[in-house]
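Multiple structures follow.
Both complexes shown next keep chain A, but they swap its partner, so chain B is in the first and chain C is in the second.
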Partner chain A sequence: MSTVVSNPQSQPVAPQPTTPWKPTRKTQFTGAFSIAVVAIASFAIVLLTGLAGIDGFGLTFLVVFFGATFVRTKRLNPKARKDAMVGVAICAASVLAFFPWMSIFVSVVVKGAKGLQPNFLIENMQLTTPDDELNMGGAAHAIIGSLMMVLIAAAITLPLGILSGVYLTEIRGRLTFLVRFVVQSMSGVPSIVAGLFIYTTFVNYTNSFSGMAGSLALAVLMLPTVARTAEEVMKLVPDDLRSASYALGARQWRTSLMVILPTVRSGLTTAGILGIARVIGETAPLLLTSLSNNSYVFNPIGGPIGSLPTYVFGLLQIGTENSINRAWTGSLVLMLLVLVLFLIARYFGGKANR
Partner chain B sequence: MSVVPSFEATPEQRELLVIYNRADRIFRRIVTSGALTSLILLGLIGTFLFVRSAQIFNDRGLRFITGSNWTAGSGDGVIPDDFSIGPMLTGTILVSVIALVIAMPIAICGALYIEFYAAARLRKLLSTLLDLAAAIPSLIFGLWGVVLFTSFGERWSIFLNSRLGWVPFIKVQAEVFGRSPFVAGCVLASLITPIITSVSREVFSRTPRDLIDTCYALGSTRWGSIKTVVLPFGRSGVIGGAMLGLGRALGETVAVYLLLNIVFRYNFRILESEGGNIASLIALKFGEATEYELKALVAAGFVLFLLTLVVNMVAATIVEKSTRRK
Partner chain C sequence: MVQDSQTSVATVSASQTTATAVRGLETKNVHAWFGKHHVLSDVSLQFPERTVTGLIGPSGCGKSTFIRLLNRMHEFIPSAAMAGQVLQDGQDIYAPDVDAAAIRLKIGMVFQKPNPFPAMNIRENVLSGIKLAHLKVADHDAIVESCLTRAGLWKEVKDRLTATGGSLSGGQQQRLCIARSLAVEPNVLLMDEPCSALDPGSTLRIEETIKELAEKIAVVIVTHNMQQAARVSDFCAFFLTDGGPGYLVEADATKKLFTNPRDTRTADYVQGKFG
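And then the complex of A and B:
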């Protein structure tokens, strides 16, 4: 017999977890204030002692901040003092963790914007040498080549990735553990090894470097990402949906194909896009499979083909001022492509969660 | 009056019993064969690389791993072919270990910061940016390293050399800095930091809330609860993330190619401007290789494949274990 009384009118409100570590207004303010004071102090020290550059400033800042915290917490008990000191250390280290890639974002935008003129997006390098002024020539051939290769790779990978997702979540056969394990460890196959593999097989048998070879190499790298993301989104499908479908008399194949897959359609789109974002910047496999080209190639099996990563890589090896600038612009376009893909993925991902 | 809802009336779900008919069995077979592609693919990669390079392993045996020369013969047999990857193998490990040693503490602190120190809005922004950062192509890291980071790396190298020169690994012979394993390792560290950070953050965010709350209730400080609850809970996940990062660093090609002078000599002094790794060796020699040299390159690729496969399998096992436990 149930002795628990439950009143249908007043549904119990689940207690919301609080975050005790959440900074209050006051601590935020004092934090910002002390950072500002320390920044000014360390700037003064840098000016006086002549330490060089942003790293010198950072180091001074850290030392002064540690000192300030040490003095500030003098009256507290040892535990609270240790807590404050470790807090400073963690914040400092996380600045180090975030600094490189933030610096990359900023520098790619700043240095790449100079060369991002209309001609960069609509011309190719057939009649232009890398050393020419930035208002001549462009990377249209490379952008087209890159997009073509990743699309072919996606067309190959997506069905396979979805199948392995269905296997891992719907069929759950004897090999589930093995398949998951292999997909996990395959995601770490070095990109150059994928390139070598396609070189020793496809390129050797067809006897030519081609966009198709590049696509296959990218597909090898893309498969684990797509398979894993597909599994993740299909895991989110509530079991009730399956039960309901079975209860209506649907067989397993109908349940999988007509209930589960349509439900996760947007999630699968996300899987494909994340896979593309993962491989669009891969350089090493393309160096062994599709090489590079200075003009338009639209035929995936018609010989070497240009692509954004190899375009940037080639320019970097020339190393003159204009070619480096072109390389930055190429990187900017590459980053923008990745960013756009991520935004699309996030859009679809958000849809899936709703 | 208690407000705990009663669940006694909820019936238990019975075991589902599915009988597969013919269509089902065909469907299952198709899906299974699709899922096995990755398995077959992995097998094919190993097999093909091995078959193509078998001649090298046959000709040179263990000397391929231990030797320290990469000389293309003159073709008429006056200068014999001599291919081995010893220095590149040690170089691969050296650079990756430097990267991992630098990246690990930084990444863990970054993950702790995002999860436990940052304000809610900042946390959301940072974790979004972090995902994006993990997708920056390594080529761009290489470009950034060559153009922007090298000057910092050089300055730090000079500092290290003058202050810590008595440490055997650090002392240099020639006072030329930059383009050293140290600089390449720093750039690789910044390349794998986002990966390790995002895995660690994921694991830390799964720490049971009641445990953290209990800590606070017992009067612990923030660092106290992190040390006693969060870190032990997330340890295996963090190790798995680190192994993933290591695997990435071991196989990195273009960043190392752009940042290191590839010199065929055993070099363990991290500031000396020579070094290299297997992947960059392949990229460097591929263009003008003779047929026999190509086989040697494929053999080098096979060794790299095995190396990363072992690392990643260990990582996969650790990650699998740590996520299943939740």
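And then the complex of A and C:
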């Protein structure tokens, strides 16, 4: 008995919480240390040899890192060694994939920051020539025009896109195949063709370029993105919920409206954001539909209207130093606009989910 | 309750229902198919008001298909077909002019897996049937309280009615689903293995709920748990398949079916010799 009952005087050490499945401090440190060593070594090689620039450094780093990992893992078993080597390869591939995005982002921010002054956001180009100093004039008219057109386009496409999603996943009518086919082929329409379509119809008919024409062209491009995303998120709703709703005596329409759509609310927000992000930078269709303007236009059917992409496009064509700087700032504001719209949509769209 | 006029059942039914018609549900020679596959053959049963009927039998014998036929959920499977009649208070629910949604409103269903609506909180889940079916109700709070009480959940959730259904445990979620079914005041409640995913404690709570419900309405419950069938049901129907379509072996008062069944296969099954 005495061997079984633990001796009260030799209290066992209180157990400490540990995480044996995670890398220890030591391995983390050696990992970081080896990367630093590799970086220094490759930097030294770059200095000593003819290789130069960030691409030369990157290439050297990769080669040295591969070599170092190969040597370092010599004593490990073949599986662990393979794991380490593949790990390096995957890291390199993700950096490679990340690089273009980083490059675009950084250059837009760096080159655009110069012109991002208060006047850029509150003034227009009516009394300013593109060549004037950057503390004069701005893109307020273009921001307003872009926002107006994108929001009108969203107001047209969101209901249509969601309805087609409902048709494809909930109603599954006889035309399902046709609707899906049309949506898919629409997503392949080149943006200039969408612009031409509105040009030959709406612009021709109203005999005027306008914000509404621009919105319609953007809507044509936005619809397939919204519809497909809406369909995808509604497909993810488990059939359990549909059964539950029908078993309560609900009709199909009310099931879709009150059970399915609220359940995928955040997914539909994503659909809207993807659609907006798809079209907000479109230039070609706008050149054929809304044209551009240097002054404020608040009326969507009141003639040509400014927008950020056409603003950037116009300034780039002029090609002087100040105009190109303005164009970069325009691109930066365009990016920030997507970010702001994204945050607004996330705030309202994500609210429903706890 | 029984396919042939069984004396024991007939007397119970007569004493519990109004003298003239069979109130509750009744099936006559019901068959079911999925495509060309005949899955259920010739089932005639009665489910009078204020009774609990257990449907028992091994997997794949058509119990779930049968229970889904009773409130027209069967037809949501694209290849589904059926034959025979399902009568509610004497009216065929498959008659051409009958509105299926109205039928489902009166014949509620609780599923095997708890499925509260994720976009709604507890209170909204209970009221969802009323909203979905466009019913006019004067006092929502009273309905929420009475339904949750009848489902045995009120005490546990009364202080957090605005929490999501997903924050409840599995057993609580299933009781929430029962409360949700009760809010539209069905005459019949169908339960397809409602306790198969639950712990014994929650199972017991739900069985108590079933017994209370049976004071007012008809309850039909599919179960694989023989003890549960013995505990909660007044009548039991035993289904079986010999590889072909499922069929009804026998149906009787639960006590008789478990102690003195007419068919030896029933005896073997309820005693756990197979299945």
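The rule is simple: the second predicted complex is superposed on the first by the 255 of 354 C-alpha atoms of A that agree within 3 Å, B and C clash if a C-alpha of one lies under 4 Å from a C-alpha of the other, contacts with A are read in each partner's own complex, and residues count from 1 in each chain.
In this text, contacts are C-beta pairs under 8 Å (C-beta built on N, C-alpha and C of every residue); 3 or more make two chains touch, one makes a residue touch a chain.
Since this is a predicted model, take the numbers as computed values, not measurements.
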First, second, both or neither for A:243, with chain B first and chain C second: both
A:223 touches, of chain B and chain C: first, second, both or neither? first
When both partners are placed on the shared chain, which of chain B and chain C touches more of chain A: B
Which superposed partner A:57 touches (first chain B, second chain C, both, neither): neither
Which of chain B and chain C A:251 touches, first, second, both or neither: both
Partner chain in contact with A:296 - chain B first, chain C second, else both or neither: neither
Partner chain(s) touched by A:263 [first = chain B, second = chain C, both, neither]: second
Common ground on chain A, meaning residues reached by chain C in one complex and by chain B in the other: 243, 246, 251
Of all residues in chain A, those that touch chain C in their complex: 238, 240-251, 254-255, 258-259, 262-263, 265, 352-354
Chain A to chain B touching residues, read off their complex: 2, 4-7, 10, 12, 17, 19-23, 28, 52-53, 55, 79-80, 82-83, 86-87, 89-94, 96-98, 100-105, 107-108, 111, 159-160, 162-164, 166-168, 170-171, 173, 175, 178-194, 196-197, 200-201, 220, 223-224, 227, 243, 246, 251-253, 256-257, 277-278, 280-284, 287-288, 309, 312-313, 316, 324, 327-328, 331, 334-335, 338-339, 342, 346
Of all residues in chain C, those that touch chain A in their complex: 71, 73, 76, 101-106, 108-109, 111, 113, 115, 117-120, 128-129, 131-134, 164, 177, 180-181, 184
Footprint of chain A on chain B - complex, ascending: 1-6, 8-9, 13, 16, 18, 20-21, 23-24, 26-28, 30-32, 34-39, 41-42, 44-45, 48-49, 52, 105-107, 109-110, 112-114, 116-117, 119-120, 126, 128-129, 131-133, 135-144, 146-149, 152, 155-156, 190, 193-194, 197, 209, 212-213, 216, 221-224, 244, 247-248, 250-254, 258, 279, 282-283, 286, 297-298, 301, 304-305, 308-309, 311-313, 315-317, 319-320
